[in-house]
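What follows is subunit A paired twice: with subunit B in the first complex and subunit C in the second.
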Partner chain A sequence: MKNLLTILPLLAVVILVHYLTSATDTMYYLTQLTMSAYYALLIIGLCVLMGYAGQISLGHAGFFAIGGYLSASLTTHNLIPYQDNALLAFLESSGMLVSGHDLYGEALLVVSPWAACLVAVSSAAVIAYFIGIPVLKLKGHYLAMATLGFGIIIYRIVLALEYFGEADGISEVPAFVLLPGLSVSGNFSDRVQNYYIAWGVLLFAMVLLLNLIDSRVGRALRGIHGSEEAADAMGVNTSRFKLQTFVLSAVFAAIAGVFLTHYNGGIGPSEAGVMKSVRYVAIVAVGGMAHLWGTLLMGVVLTFLSLRGVFGSYDDAVFGIVLILIMLFAPNGILSLNIRHRIKTIFGRGKKRREEEV
Partner chain B sequence: MTIELLIQYLMAGITYGSIYAIVAIGFNIIYNTTGIINFAQGEFVMFGGMIAISLLQFMPLPLAIVLAVLLTMLIGALIEICFIRWLKSPSVLRMVIITIGISILSREAAVHIWGESIRSLPYFVGNEISSVSVLGARVSPQVFWVVAACALMVLFLGIFFKTTSVGREMRACASNPRAATLCGINTRNMVTLSFVLSAGIGAFAGCVMSPITYSQYDMGTGLAVKGFTVAILGGLGSSGGAVAAGLLLGIIEAFSVSVVPLAFQDAIAIGILLIILFVRPQGLFGSKEAAGLSEF
Partner chain C sequence: MLKIRNLASGYGKIKVLKNLSLHVDAGEIVTIIGANGAGKTTLLSTIAGLVTANSGEAEFKGTDILKTKAAAIPGLGCVMVPEGRQVFATMTVEENLLLGGHVVQKQGKDFIAGLMEHQYELFPILRDRKNQLAGTLSGGEQQMLAMGRALMAKPSLVMMDEPSTGLAPLIVREIFQIIVRLRDEGNTVLLVEQNAHAALGIADRGYVLETGKVILQGPAEDLLANNDVQRAYLGREKND
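Let's turn to the complex of A and B:
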C-alpha cells in the first residue's frame, strides 16, 4: 500500500507530461515516451537482477527478442495451409486463432495476439529457467561471458531463420487488442491511449518490484548481493532466489518485447544485438545498481534521448562513455554522487568522510 | 568425404584455430597479472589489422605491420593507464563493465575513423588465387604465414616469460602480487606491460589474418567470445592449453560447416563455451585442485 502511494506522484507527472505536450503542440514526443516506457520495463527488471541479486546479465536483449519475435511471428504467419491439422482445428475452435484478410485480399489465419503474447512470455520464462539453472552457478567474468554467449546465440538464430525474417525482421504485426477499444498499435489515433497503456504497465510493474524488494524475498536478495556465502549460511536458498529473479527479469523483458513489437508494428534483428544488452546494463549502472527509482528515471531519460536521435551517429559511443565514466567515478550510480559533499572535499573539508563513500 | 576435402577442412580449422589461440593467449596474459578478463581483447586484433591497412598507403607492408603493432601497443598502454591503473581493488562486476565500455568505445572510434566497409591487407605472398598443393588439397600460402606467425609468437612468449628478467617479474606478479611488490617489483608497471604485450600480439594476429578473414570495425566481439571460449577450454592462464584448445575449436568449427548451416557456426563455439563452463570450468587440461582456489 505504501508503495502504491509512492507511485502517485509519478502518475501525476505522467498525466502532466501529456497535458504539457498537448498544450505546446509537441504530441509527437509521446511516441518516444511510449517506447521509452517499454524499454524502462525491461530495465527495471534487470535492475532487480543486477542491483539486488547481484547477478550481471549481458543477454537480456535475447529475452526481449524472444518475446517480440515469437509474438510477431505467431501473429503474422498465415496458417491457412495447415488448416486441416487437428491441433489447429482445436486451437481455432477454442478461439486462439483469428482470421482476416491481408493487403491483397487473401484469406489469413493467424494466432490471436493474446494467445501469442502468452506463448511468447511463457517461452521466455521457460528458457530463462533452463538457462538460469546452469548459468547462475557461475560468477563474475564467467557469468558475464555465459550470458553474453546466450545473447549472441539468440541473435544468430533470429538472423539465420527464415521464419523470423532473417535480416529484415518481421513487419506488419497487427494491433494487440487488450480490451475492446483498448489496443496496442502504432496507429496515429491511438497515440495518447498507447502512452497511457505503456506507462500504466510500467507503473504497475514498478509497484510490483517495489513490493518485492521490501518483502522477505528482497531482503534475501540483498543478502545474496552482500555475500552469497553468508546468505547461504543464514539459511537463504540462494540458488532458488537467484533463479526466480532471473526468470522474473526475463519475463519483464519478454513482456516489453511483446508490447513494443505490437506498438512498432514490427521487430528487427538489431533488437537482439549484443549492443542492446550492453546498453541496458549501462542504464542500470547509471541509475545506480540497487536503486529502482534511479534506474527508472535514467532508463526513461536516456532511451528517450537516444530514440529522439539526440546523440546522432554517436549513439553507441555515448553509452560506452557513460558506462565507463559511471563505473570509474560513481560505481553506485549518478544519484549517489553527493555533490555538496564533493565540493566540500575539493575545498579541503570533509576529507575524513571520503573513505566512507567507496 | 574424400581425403582432399578432409585436409581442406583440417587446414581451414588450423588457420582459424591458431588465430583463436592467439586471442586466448592475449586474454591469459592480462588475466594472469590482474585477474581481469579484458572484454576489449578482440578490439586489439581489429586495431592491428585496420591500422596496418591504413599505413600501407604510405609504406611497404612489413614496415606497416611493425608500426601497426607498435601503435596498438601504445593504445593498450593508454587504455590501462587511463581506465585501470588508478582503481583500487575494484569489484569484478565493475571491471567487466569498464572493459565492455572500452570495447564499445574502441569499436565506435573505429567506425568513425574507417567506416563500415570491409577491408583487408594484400596477401603477403602471391594473391587470392595462388595456392599450394598439400596432399591433393589446395591451400593458400597465407595459411602458412598465419600458422607460422602464431607458432613464433607462442615460442617468443615462452622464451620471454622463462628467460628474461622482465618476463620473470611478470610471472612473479601473476603468482603473488604482494610478494612481488615486497621483492621490489613495480606491480603497477607490470600490469601496464601485460596490456601492452597483449595488445601487441593481438595486433600482430590481426595483421597476418587480415588477408584471409578480412578486417571490419565490429570483428572484435565475435573474436573475443571465441578467444574466451578457447582460454576457458584450455584452462584459464595456460598458454599451452590455449594452443591445443584453439586448434580443437578451429577444427570442430571447420568440420561443422558440413553438418550445420554457416550462420550457426558461431553458435557452435558458444554452445561449447556454455557446456564447458557448466561441466568443467577449470578447462580440459586444468586441474581440479587449482580450480578450487579460483572463483568461477
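Let's turn to the complex of A and C:
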C-alpha cells in the first residue's frame, strides 16, 4: 500500500508529460517514451537481480529476444499448410488461433497474440530456470562470462534460423489486442493509448518490485549479496532465492520483449546483441545498483536519449564511457552523488594548497 | 541434543577432522578449545552444513544433520554465530536482526516483535544503533549483533565460533557474561574458543581438540586443573 502511494507522483509526471507534449505539439516524443518504458521494465528486473541479489547477468538481451522473437514468429508464421493437423485443430477450436488474410489476400492462420505471449514468456521462464540451475553456482566474473555465453548463443540462433528471419528479423507483427479497444500496436492513432499501456505496465511492475524488496524476500536477497555463506547460516535458502530472482528478471525481460515487438511491429537480431546486454548492465550501474528508483530514472532517460539518436553512431561508445565514468566517480550510482560535498572538497583542497604556498 | 560419532571432515583431500565424537546436552555450555588448525571451525562448519562430512554421524534432536542442507539447519533450531561476525554490512542493525529471524518469520509479526524486543533487552546498545548500518558498528557491537541475529531464529542450540576474536578484554568479559545469561535462560551453547581460560571459566564441560581429534574431555573445572591443558593452553606450569 505504502509503495502504491510512492508511485503516484510518477504517475502524475507521466500524465503531465502527455499534456506537455500535446500542448507543445511534440507528441512524437511519446513514441520513444513508450519504447523507453519497455526497456526500463527489463532494466528494473535486472536491477533486482544485480543490485539486490548481487548476481550479474550479461545475457538479458537474450531473454528479451526470446520473448520478442517467439511472440513475433508465432503471430506471423502462416499455419495454413498444417491445417489438417489434429493439434492445430484443437488449438483453433480452443480459440488460440486467429485467421485472416495477408497483404495479398491469401488466407492466413496464425497464433493469437495472447497465446503467443504466454508461450513466449513461459519459454523464457523455463529457459532461465534450466540455465540458472548450473550457472548461478558461479560467482563474479565466472557468472558474467557464463551469462555472456548464453547471450551470444541466443544471438547466433536468431541470426541463423530461417524461422526467425535470419539477419532481417521478423516484421509485420500484428497488434496485440489486450482488451477490446486497447491494443499494443505502432498505429499512429494508438500512440497515446500505447504510451499509457507501456507506463501502466512499468508502474505496475515497479509496485511489485518495491513490495518484493521491502519483504522478507528482499531482505534475504540483500543478505545473499552481503555474504552468501552468512545468509545460508541464517537459514536463507540461497540457491533457491537466486534462481527465483533470475527467473523473475528473465520474465520481466521477456514481457518487455513481447510488448515492444508488438509495438514496433517487428524485431531484429540487434535486440539480442551482446552490446544490448552490456548497456542494460551499464544502466543498472548508473542507477545505483541496489536502487530501483535510480535505475528506473536512468533507464528511461538514457534509453530515451539513445532512441532519439542523440548519441548518433557513438551510441554504444557513449554507454561504455558512461559505465567507466560511473565506476570511477560514483560507484554507488548517480543519485548517491553528493554534489555540494564534492564541490566543497574540490574548493577545500584548492584552499589548502594555496595556504601551503603561502 | 547434539550427538556426533566418528566424524571425519575436511576440504577436498585435506582431512581436518578424524574420528571425532562429542555430545552436547540441553541446557549446558560446552566449549571446544584447541590451537590454530586443530579443526574447531571446521567442526562447527560441518555441523552447520557449510562443509560436507566424509564419514561419521551427526544427530541433532534426532535429525541426521549431515544429510540436511545448510539452509535447512537453522530451521531445526541449530544456529551458528560465524567466526569474524560476518554481519551484513550494508544493512541496518534492525534489518540484520530481521534477517536472523528468517526461519521463524511465518510465526507472525507479534512473535518477531517480541523476539526483537528480547534481543534489544539483552544488547541495549543495539537498540540505540537500530537504524545504523551494521558495517559502521565497532567490533564488540558487531559481535553482539551477530549473537542477537542468531538468537532471532529462536534456536535450541547456539554455536559460537571464537566470539572473543579481536575484542578488548573488557568487551570479551561482557560477551561471556551474556553467554552465561543465555544458558541461565535455558539455551544450550556450543562455544569454540582459543581463549581457553575464559571459555573454560564459564563452560560446564569442555573438549580439547588437537589435529582433528579429541585428546581430552571432561568437566570444565577438571580441564582447568589439568596439567597438560595448563601447559599447552593456559601458558603456565602447575607447580607455581
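Basically, the second predicted complex is superposed on the first by the 346 of 358 C-alpha atoms of A that agree within 3 Å, B and C clash if a C-alpha of one lies under 4 Å from a C-alpha of the other, contacts with A are read in each partner's own complex, and residues count from 1 in each chain.
Here is the rule we use: a contact is a pair of C-beta atoms (placed from the backbone, for glycine too) under 8 Å apart; a residue touches a chain by one contact, two chains touch by 3 or more.
Quick caveat, the model's predicted, so the values are computed rather than measured.
By the touch criterion defined above, A:D232 lies against subunit C but remains apart from subunit B after alignment on the C-alpha atoms of chain A. After overlaying the two complexes on the shared chain, residue contacts for A:G223 are found with subunit C alone; subunit B is out of touch. In the superposed model, A:A317 makes contact with subunit B only, not with subunit C. Using the contact criterion defined above for the overlaid structures, shared-chain residue A:G140 touches subunit B, although it does not reach subunit C.
A simple residue count on subunit A separates subunit B from subunit C, and the partner touching more is B.
Interface residues of subunit A, counted against subunit B in their complex, comprise 54, 56, 58, 134-135, 137-142, 144-146, 148-150, 152-153, 156-157, 159-160, 274-275, 278, 281-282, 285, 313-314, 316-317, 319-321, 323-324, 327-328, 331, 358. Contact residues on subunit B toward subunit A in their complex (touch as defined above): 37, 39, 83, 87-88, 90-94, 96-98, 100-102, 104-105, 107-109, 112, 221-222, 225, 228, 232, 261, 263-264, 266-267, 270-271, 273-274, 277-278, 281, 295-296. Across the interface of their complex, subunit A is touched by residues 48-50, 69-75, 79-80, 82, 86-91, 95, 98-100, 102-103, 105, 149, 153 of subunit C. Residues of subunit A that touch subunit C in their complex: 216, 219-220, 222-223, 225-227, 229-238, 240, 290.
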